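Shared between the two complexes below is chain A, which pairs with chain B and chain C, respectively.
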Partner chain A sequence: MSEFVFCTGRYESGDWDSAPSLPANLIDSIARYTSISVAPSAVIVPLSSPRILGYPLVYLTGHLPFRFSEAERANARKLVERGGMFFIDDHNHDVGGVFHKTALEEITRTFGKPSVLRNDHPLYRSFFTFPDGPPATSHELNGWGDNLVHQNLLAVMNGPRIAVLYSNKDYSSEWNYHPDNKRFSSVDNTRFGVNIVVYALSR
Partner chain B sequence: MTLHAFVQRVQRQLVIATIANGIAIAAGITLLTLAAAAFAKRANPFAVVIAILAGALLLGFLAWKSRALSSRTRVALWVEELVPSLNYALVTAAEARAPVAEIESAVRVETLRPLVRARLLRTTGRSLLLLGVASVVYLISPATSLGRGRVRAVLGQTFPRVVAPIDKVGSLTVRVIPPAYSRQRTIEQKDPGSLTTLSGSRILLRGPGSPEGVIVSVDDTPLKATGSEDEWRVTLTVNKPVSVVRASYLDKSRLIVIEGIPDKPPRVVLTLPLRDTTLRTPQFNGSLRAEAADDFGVTDGYFEYLIVSGSGEAFNGRTITSQPFRFDSRTGRLNAELSFANLKVGAGDVVSVRAIVRDNNTLSGPSIGTSDTRTFRVARADEYDSVSIEAAAPPPVDSSAMSQRMLILMTEALVKKQKKLTRKQFVRESDDIATLEDRIRKRVYDIIYQMDSPEGPGDTEEAESEIQAINNPDLKQAYDALWDAVRSLRIAEPAVALPPMRIALKALDRARLAQRLYLRGAAPRIVINVERVRMTGKEKGSSSVRTRQADEDSLRRVLAAGFENAMAMRAENSQLAIDQLALLRVRALEGAPEFAAAIREAIDLMRSNRDAEPAFARARKAIAGSQTTIPLSAEWGGG
Partner chain C sequence: MPGDASRTVSVSGTADLVRATRDEPGSALHFALGGIPTRTERAWLNALGSAGSEISWSGNLAPLAMASRPVSSPLGGYVISVSAPPDKALLLRDNISAIDTVTAASGFASIPVTVGTGNVRAVTGRDSAYVALRDTVGLRRVLVLGKAGWETKFLVTALEESGWRVDANISVAPSASVNQGGAVIDTATYSGVVALDESAASRAREIADFVRTGGGLVMGVAAARSAAFAALRISPPGPVPEILNTDDSVSHSSAAFATVQLTPEAVPIERRPEGVSVAARRVGFGRVVQIGYTETWRWRMQGGTAGKSEHADWWTQLLSQAVYARRWTPEQPLADAAPYANLIDIAGAAIPPVRSSSPLPAHSGQVMWLLLLFGLLLVEWASRRLRGAR
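Let's look at the complex of A and B:
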């Protein structure tokens, strides 16, 4: 069994690399809490490249308009059909923002209309237990972006499992720090990221 | 043996017996007098003198009464009293200068000897019996340690209603002697359960009875009890925040908790100047003022000036102190004048001022208190208040634009003065401008056809690097126009060169203003050391230092358990319960002060046989709300 490699998808439009420290932070959490064999560094793979199909979980984020090219869209569909999973996070944390609008439009066009993910979904129990659903981020609690605390995530399902997990809670800002700084937090806020990875690998 | 010799012998025996009787009776009376004084609790040096005097007087009286023993006739009469049938024959024989044969033959000495011996023994026996009785009475009296101690204890246990054993630790007197420098009064307390005093104080612990059998320890360190027959005493010094003194005798024991309050260092506040100051020139004369205070007394103080001179990396400092100020009270004031001229302060120097005072702690001190530091900074002559900013070099495109504008001005000037110049001068100047213009062309070329750095992003999928040309039409237009201008200038046609030069300038301006490049800083490449995160790295074969985890709220549980234990013990043995509570209080002093205060009150109430329930209720309430962890020792330090 090969080791898990965290993959950030690079797409032509927008700023796909707006959270450069997030992958390393989640890798640290996976190593810290789980026994999953994990690669020590993440990779950035063009979404238009067929190499993207080799990664079970692809992370996409950005602030700017979000559009797939034809090649990207085709690969994204193939990845989902083969059992892969996308985690797309709105780095703006703004339902009126350009990323949110264009990303939902693109997700609907590529994968189908996303629906609200219930807060008792197995995703919230796949490793750590989050009885109240997705954990709130400091950006939500501090009233940035759209000044809302979003109660649910959105998801496009592929049968019983999540194919595309969409968040406008801005986990990209919340988790975008060097993992050495975790020691300053009383509670590690990346634990939900571990749930996403474990869910993507085990369901 | 003749009768004369017999009388002489009896005389000697009587003298010896009389002396022995006198001594025995006098000693017995002395001992009985001492015992009586002890039983009457009047045992003191005066009573001893009285007893000895009584014995001596009795001895003298007996000696005076026995003065007749010097006469043989009286000795013979003493024998005649024993044997009246002698009819003064022995007296006659004793008074005769030579033995009288008729008398010698009529009186048989052998019959007299047993009678004399028996009488002497009876008399001496009574005296010795008296001495024996007196000795026993004295021994069991409170005047002797034996009487106070074991004998009384045994007797007390056997006959508790008759003789009560002395409880040497039942009634303690504690004298607290604070250190002399504190000028506090000596206080004395009877039977304290705990006391609080200044650290360094001497404690004199006293109890009734001799020191024999009394065991006193401070935090399990034994102390030697000294004293007299009437009183034992122990001296100790308070040198810890909390000490437990345990005094025990036979099956009785007492605990006293002593809290030592440390002497605080003196406090000093620099009241003048109030804030730091920056001066333009090294000229300053001002007042310094500081207020000092201490809990027991300030002895002296002074101002300290630290003057730092120099700049860059070469500094030197000098410390100067003001004249000392003497105090003899709990507060003091320091006043001084600060003069930069006297301190020889120069431009660029920094003068730091602070006040320092010492207290009168001669025991563990003196403690030193320092004030905040005020800083006077003198500006250097060349800095003043200006802000110097070194201009950075303009970016290449911007500098090209500026140079192009300058070359256009030069070319226009050359065209204007063409008629005034010789052909040779004109061609040379045009060629010079062409050279400068060509330099700009080459810089624009470098910008257009720059190559990517070979050190690109290192991620696995991003390793591809390539040569890229900046696809900028403005720069390309400028480049082409510069080519045209250079060609015209080389052949000495500056007027022809001016249009393409202006085109190049406009193109460079557009490129400069409209095509600014913003490059994002490269994100650091973070590689997670998975083995380190999982703490499964290389085993070095040596253990690391580990810290034992303290149980949450462990102190509360310990105190609560001990408290309930003491409550259960209270009905059976209140003294043991008090001791238990005193030990609990020692543990609670730091972590649960409210509980400790309630326990102290409860102990005092129990000692005075008053109702301690309200204090116990407060203790229960305090312990119920306290969530404290026992601080750990470093006993698990490994390595």
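Let's look at the complex of A and C:
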């Protein structure tokens, strides 16, 4: 049985590497809470490379304009058509920001228009239970970015399964810290990240 | 065995049989056949034999026999098996159109038929056999047991895309799993179980009972390594060759696998130059298929444009060979599956052609009477002439 390898997708536009500590933090959480066989190191794979198809869960983030090249778009479509999943997070936490606007355009162009993901979706119960939907981030609660607490995530579905999960909640900032620092938190805020990985691996 | 006294009848239709029955009731008859008689003609021969005629036959007929069985898959379809002389080309056709042309190179051919209507007939020259496509199978659900990972996820996805009704129990942590359906493992609920790894070990006893009562089990490499499945596996799997570069394109034909060591009761299902990659054995009334692949999901994701369907088809074909499926035959199907064998059953094996010792033409009795009548008329005419009467 092969290990799960956390993959950050590198795209040509924008700052794809704006949350460099997030992969290690989520890998730590997966190893800490689950029995999933997970590789200790994450990988960064160009979205334009066919290698990306070997990583059926791809994490994308950034602050800057988000636009796929033709090769990136073609590979992204293949990955989704074959059953893979993207998790795209707006690192700006700003619905008026450039990442959000361009990312929604690109998602719609590449995969179709995303819709609101209901807060009783199985994603919120795939490991930990989040009865109110996506957990709020400190950036939302502190009023940064667009000063909104977003109630829902957006998703493009592939049949009954999530193909593209889009977040405005800035989990990229929330989870972008060294895993050793979890001991200072009363509640591990990466638990929803575990749900995303478990959902991708089991649904 | 007919002697020289047998009358030889060339049969080119039922009318010849009718005539032979009418003209020579109860005598020894030898039939020179140009093709396998039809069901009706064979029934007539059978009746002749039952009525006391000693019958034999000769002719160079193609010993055709065929059978069909439904495939235990939600995709449906049939496998047509044909036994025929190796030098004969066979045309397979159903009630609507031709399906395929095949040659039974080794005397036997097996042809998958995705869609067929009515009967499938195998025709070569004047000989033919046919079977009905009426059997259907009652497939139940399939249960997938495995740890959370790409192999388990994409197996469930592929089976669902192929039409299987899938329950899944996916282990996420020692005390947590993602469940999709799930019930007691028995043949009333499931047709097959796929145990991918050691996470299924806790249900090994239940699975063993399921297999012994007729269920099908597909066992992955990690499950076959588990001691809990020692009684069901074919052999402990060999090592899986290390995949040096998983970034390249990966397809079924290039995939690494752990060799399955065959035991006397096992049969290879898939053989590669490096060894057997899939094998099966019977356990009780059920079947166990042991696979050597660990990362079939890569065929789907990294296998090119056909990879997705190749992955799904491979699993569907594999499962269909293992699963328990009840066969339904709504009514006795109309078939003439082995006409040659039926002919031998009725009239014995062919003998060399015999020459009749009384090669009378057809209707010889009528001709005799006409000749006699003509002779009498000639005598009467001559008598009148001799007596001078006018």
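What we mean here is this: the second predicted complex is superposed on the first by the 203 of 203 C-alpha atoms of A that agree within 3 Å, B and C clash if a C-alpha of one lies under 4 Å from a C-alpha of the other, contacts with A are read in each partner's own complex, and residues count from 1 in each chain.
What we mean here is this: a residue touches a chain if its C-beta (ideal position, glycine included) is under 8 Å from a C-beta of that chain, and two chains touch if they have at least 3 such contacts.
Keep in mind it's a predicted model, so treat the numbers as computed, not measured.
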Three-chain arrangement built on chain A, chain B and chain C clash or fit: fit
Partner chain(s) touched by A:Gly83 [first = chain B, second = chain C, both, neither]: second
Partner chain(s) touched by A:Ile196 [first = chain B, second = chain C, both, neither]: neither
Touched partner set for A:Ala163, first chain B, second chain C, both or neither: neither
First (chain B), second (chain C), both or neither touched by A:Leu104: neither
Partner chain(s) touched by A:Leu22 [first = chain B, second = chain C, both, neither]: neither
First (chain B), second (chain C), both or neither touched by A:Leu60: neither
Which of chain B and chain C A:Ser126 touches, first, second, both or neither: second
Partner chain(s) touched by A:Leu117 [first = chain B, second = chain C, both, neither]: neither
After the two structures are overlaid on chain A, angle v-u-w for chain B, chain A, chain C in degrees (C-alpha centres, nearest 10): 120
Chain B versus chain C as contact partner of A:Ser2, first or second or both or neither: second
Residues of chain A touched, compared between chain B and chain C (which is higher): C
Overlay on shared chain A, then closest C-alpha pair between chain B and chain C (Å): 10
Intersection of the chain A residues that touch chain B with those that touch chain C: 51
Parts of chain B lying in touch with chain A, wherever the complex brings them together: 457, 459-462, 520, 523-530, 533-534
Contact footprint of chain A on chain C as seen in their complex: 147-154, 157, 168, 170-174, 176, 178, 196-197, 222, 246-247, 249-250, 294-295, 297-298, 300-302, 307-308
Residues of chain A defined as touching chain B within the complex: 17, 20-21, 24, 27-28, 31-32, 38, 40-46, 49, 51, 178-179
Contacting residues of chain A [partner chain C, same complex]: 1-2, 4, 33-37, 50-51, 53-54, 56, 79, 81-84, 126-127, 161, 198, 200-203
